[in-house]
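A, B and C are the chain letters, set down in written order, and residue numbers restart from 1 in every chain.
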Amino acid sequence: MSTRPRYREESPFKIHGGCGLMGICDESGALMSGEDAILAMAVQHDRGNGLGGGFAGYGIYPEFADHFCFHMMYHDLRAKEETEALLDEHFLLDLAEPMPTRPVKGITDAPLLWRYFLQPYPDRLEESEMSGEDYVVSVVMTINSTIDGAFVASSGKNMGVFKGVGYPEQIGHYFRLEEYEGHTWTGHNRFPTNTPGWWGGAHPFALLDWTIVHNGEISSYGINSRYLEQFGYKCTLGTDTEVAAYLFDLLLRRHKLPLSLACKALASPLWDEIDRMPEDEKAVMRSLRAVYGPGMLNGPFAIVLGFNGGMVALNDRIKLRPLVAARKGSTVIVASEESAIRAVIPEPDQLWTPKAGEPVIARVKGMGWPIHGDLHLAPSKISCAVSGTEQSCETVEVSA
Amino acid sequence: MPTSLIQPEFLVKIDYDKCHKCGRCVQQCGWGVYSFNERPIPDDSKCRACHRCVTYCPAHCISIEKNPLAYRDNDNWSSDARKAIWRQAETGGVLLTSMGNPKPYQRIFDHLVLDACQVTNPSIDPLREPMELRTYLGSKPDSVQVESDSNGGFKLAEGAGMHNNIKLDTPIIFSPMSYGSVSLNVHKSLAMAATRLGTLMNTGEGGLHADLYPYQDNVIVQVASGRFGVSPDYLNRGAAIEIKIGQGAKPGIGGHLPGEKINKEVSSTRMIPQGTDAISPAPHHDIYSIEDLRQLIYALKEASGYKPVGVKIAAVHNVAAIASGIVRAGADYVYLDGFKAGTGATPQVIRDNIGIPIEIAIAVVDQRLRDEGIRNKASIIAAGSIRSSADVAKAIALGADVVAIGSASLMALGCHLCQSCHTGCCSWGITTQKPELTRRIDPEWGAERLVNLVHAWSHEVQEILGALGVNAVESLRGSRERLRAIGLDEQTCKILGVKPAGM
Amino acid sequence: MTQTKYATQPIEGYRHVAPEVRVEGDVTVIDSNAVYYKELNEAIRGAVAGGAKHLRIENVNGQRYIGTGLAGEDVRIEVHGTAGNDLTMLMDGPTVEVFGNAQDGVGNTMNAGRVIVHGDAGDVLGYGMRGGRVYIKGDVGYRVGIHMKAYESLVPIMVIGGNARDFFGEYMAGGMLVLLGMNTQFADQPLVGSFLGSGMHGGTIYIRGTVEAWQCGKEVGIAEATEADMAELTPILADYCEAQGMELADVLKVPFLKLTPFSHRPYGKLYAPM
């Protein structure tokens, strides 16, 4: 038995917590520094309790736009050596370096933080008969599940997740986010009530280049996770965010639903409302709700899904968590409080509170659809990659 | 020798000082307990403790007591066991009884408790905020395919989406009880109530009487091994068709409605001559294996223009595998009947010793269908002693889509659970065909009481959902995380997929 | 807001410093720029305790609890910027005027006083409000006027100039809610969402324009406002118009509906005592 912890939450129980969040996207593709995201979160300081903060930035590595970038957390040097040996075996490493950080008062117990810009060895990739995305997720799975004390915080292209235990403004400062420029940023402030404070457990939660930040508590967690298990996903982190990430993966990637309908499946209109819809729409919504009922996220939530090319913000179906949106020119911004928006954009062209269950979608012009077209792995592999626990890495046979 | 060694189970006590000598008790009792000689004289041995006389006595001077006659203590040989032996020694017969298994088996529902929201997520107020119980019964696709429409929106792709599902306004339906085992007025009460509630009644295996045609959109028509009343017209009238393989009170055995119950009306509904016995074979003789079930399911679909076809089985040891086979055979729902389910007549040995609890059956079937990735292909109906809205909520949390209530619905009509349906003398006019008894139930009165009961339970389920912080029943369905067990052994917890309280 | 755009310190949303306070004539001006709510509200309470009657708070952005628990009928506070959550919660007398928007929870359990917002307000506005007046210029969010109640001489009144979302006047037990649907950025949408007056068992809701029956809770009766109703309503609208700089005649151009509960005990028959 190893005495070193793995990067996973020790708790086998449901993780409770409230939070604050933000997302900003310049649809023109123009870049902004990470400071705006930090500022929006700093204004919402009191929504968290200092046990978790984090950001995701997109478009931040233009010089390595075609490389997968691994943001790694290591508990010790041995974990780093083992991981690097594995990376060496599978990838051409064009750059490996410590994450640029600076000391920040109050930030302690940071793991070893490294990043790697890499590309699969073409011959090994060909040999594996997998797509590049599948290949990457497979390696992520191996690291998270077999190397003690190593955790992949993000693994997408031209993006990265910066997270840890602390308030988001401390974490953002620690990771020197003012030195990065991205077209889309999301941020999160955590108020966990029973989680052991560990760096990997902070948000955003990432799967390749998808990231999720989430505020609220999904009261339907029990059936949502069992529903996902039906398709082979294994929800072992005990967080609502994990469940939301898999549901998006299921609906968008595997079932190929349009984004707007996937949002309607997750935050369904009421039956009365569906009954009043025109026939065609009613037929779609009735089926959507009956078929995806077990996946419906019931209970208070506000969520921002980030991807390479934009973001989607979504509220629960009876608006039990706050969400405010604004637009100025080509910039779309969402946050839990209006003040967070005005700290960044004092005079927006338009500022509104989105209706319950109605997504705010921002898409960077010219960038692709957020579906991982090249990801074909089974849900069980995805779960294993994400959480890296033994439970999730057991082979799951699903016959349908 | 006395004719029987068995002493009366109950003593009928009349306070003659208060008695009006009106003879109402004589008239009300279906079992002929009372004779009248200036005042009512009870024969204790005939009393079933159904309380009809007690309820209708204008002087409130009757009470029924348990016969306190002492038997020599013996935990092994209960007085019931001794009486059974005496009865069989006297008659040589199979002990016949009715309603559900009364034995003191562990009641799992009573060892499960539900969750509620505190602080980290809000409970929801069910009286003022939406609290949706609507449930669709039937097979659903695994995913929904759409295509763009001309207005920038989406429409269902050709043939995609949910078809042939029945909309229920509450996840509570009425169990199958045949016309013949219950009276026509009971059938009418159930049908009228189902229509008003936006839910379903079920004909049972005795056909559909013409008086129920106005309510046929809220009726499941059953096809059992006796095929009573089964015709193309019958199949086409129902909202759904149910193949009855077995029932929880008597798994694996057939049925027998005696000729004296086959009056003119029953005869026309069952499509058999008056006065002949109505015999249901133990198996369907066109189903000896699972592939035969598939053949029958599709025959019924073909004959009915593809109405939903469900299959009702008793919960037995291998229920998960059987249910999986049923779903793969093309059933739109699988109806699980637990071992405490009621019936109009059953051998006592069968009722009390065969089958497994409904809680276990729901848990293993729901899990098996999920493991096999076919949970969406069929709904699960659970029945067999659903006694309260708490049982409804717990059954749904374990994984049932819908629950069916039989005993509870009869109790709404006056049934006092005297377990004497098989006598055909029901004083409450429920399980009888005697006109002087059946007219005791006015369908309008009966429907109102059934509607009241289901409304009250539905409200209570909404209260539970609200406490759980969800506002749609699909968010409770299968959400075993919201259940905890108290006093169940580890293995049972594991089978139920429920953690013990405190975890 | 001061952005600390230099690398040696973390970016702060608010700083734990006392705000700058200055006196201009009879107005006490407090610059709340990036000041944490605790220090800001201490300064406000201190000024009021020191006899200030007219306060102007500048550069407000999201600071919580402004006016919370504050008493004094003759105190007037101007808030410039976006007022944070729980503005005027439990307030008992003062007038608070917001030049900007207000976030969630304005007037929570408020006892007396006036709140005038020259902008929009968020969700759960006036929760359990027992007295005083709240005048919002623009749109409001979900669950507005939830469980407003009246008691003896305390009668809360809230007028919303724009649109409202679902659950407007939910559980309403007393007082008056008025929805105008005029100053809205959602002119193409219904002026109010669903579950209007759901669980209402007291008080009155006036709607300028129309609502569909399906939008209303089952406890709500809808009628056209009578002359007597308008006689009750018009002085309130006049007061609102004066506060918001609107023309009363414009408001009165469209007829009003009056919503009242069918019963003060909507659930009398729900329960079956054992």
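In this text, contacts are C-beta pairs under 8 Å (C-beta built on N, C-alpha and C of every residue); 3 or more make two chains touch, one makes a residue touch a chain.
Here the structure is a predicted model, which is why all the values come from computation and not from measurement.
Centrality annotation: A (chain centre taken as mean Cα position, compared with the mean over all protein Cα atoms).
Counted by C-beta pairs in contact, the busier of A-B and B-C is A-B. The centroid of the Cα atoms in chain A and the matching centroid in chain C are 36 Å apart. Chain B has its Cα centroid 47 Å from the Cα centroid of chain A. With centres defined as mean CA coordinates, chain C is found 53 Å away from chain B. Multi-chain contact residues, meaning those touching two or more other chains, occur in chain C at positions 167. With touch defined as above, residues shared between interfaces to two or more other chains in chain B number as follows: 129-130.
For chain A, residues that reach two or more other chains under the stated contact definition are 270, 272, 318.
On chain B, the positions that touch chain A within their shared complex are 117, 120-122, 124, 129-130, 132, 134, 136, 140-146, 149, 153-156, 160-162, 165, 370-376, 468-472, 474-482, 503. Partner chain B is touched in their complex by these residues of chain C: 167, 170-171, 195, 198-199, 217, 266-267, 270, 272.
In the complex of the two chains, the chain C residues touching chain A come out as 1, 3, 5, 7, 9-14, 61-64, 81-82, 84-85, 101, 103-104, 120, 122-123, 139, 141-142, 165-167, 185-186, 193-194, 214. Those residues of chain A whose C-beta lies close enough to touch chain B in the complex are 13-14, 16-18, 193, 216-223, 225-227, 229-231, 254-258, 260-261, 265, 268, 270-272, 280-281, 283-284, 286-288, 290-294, 296, 298-300, 317-318, 320, 398-400.
Contacts from chain B toward chain C in the complex involve residues 125, 127-130, 456, 459.
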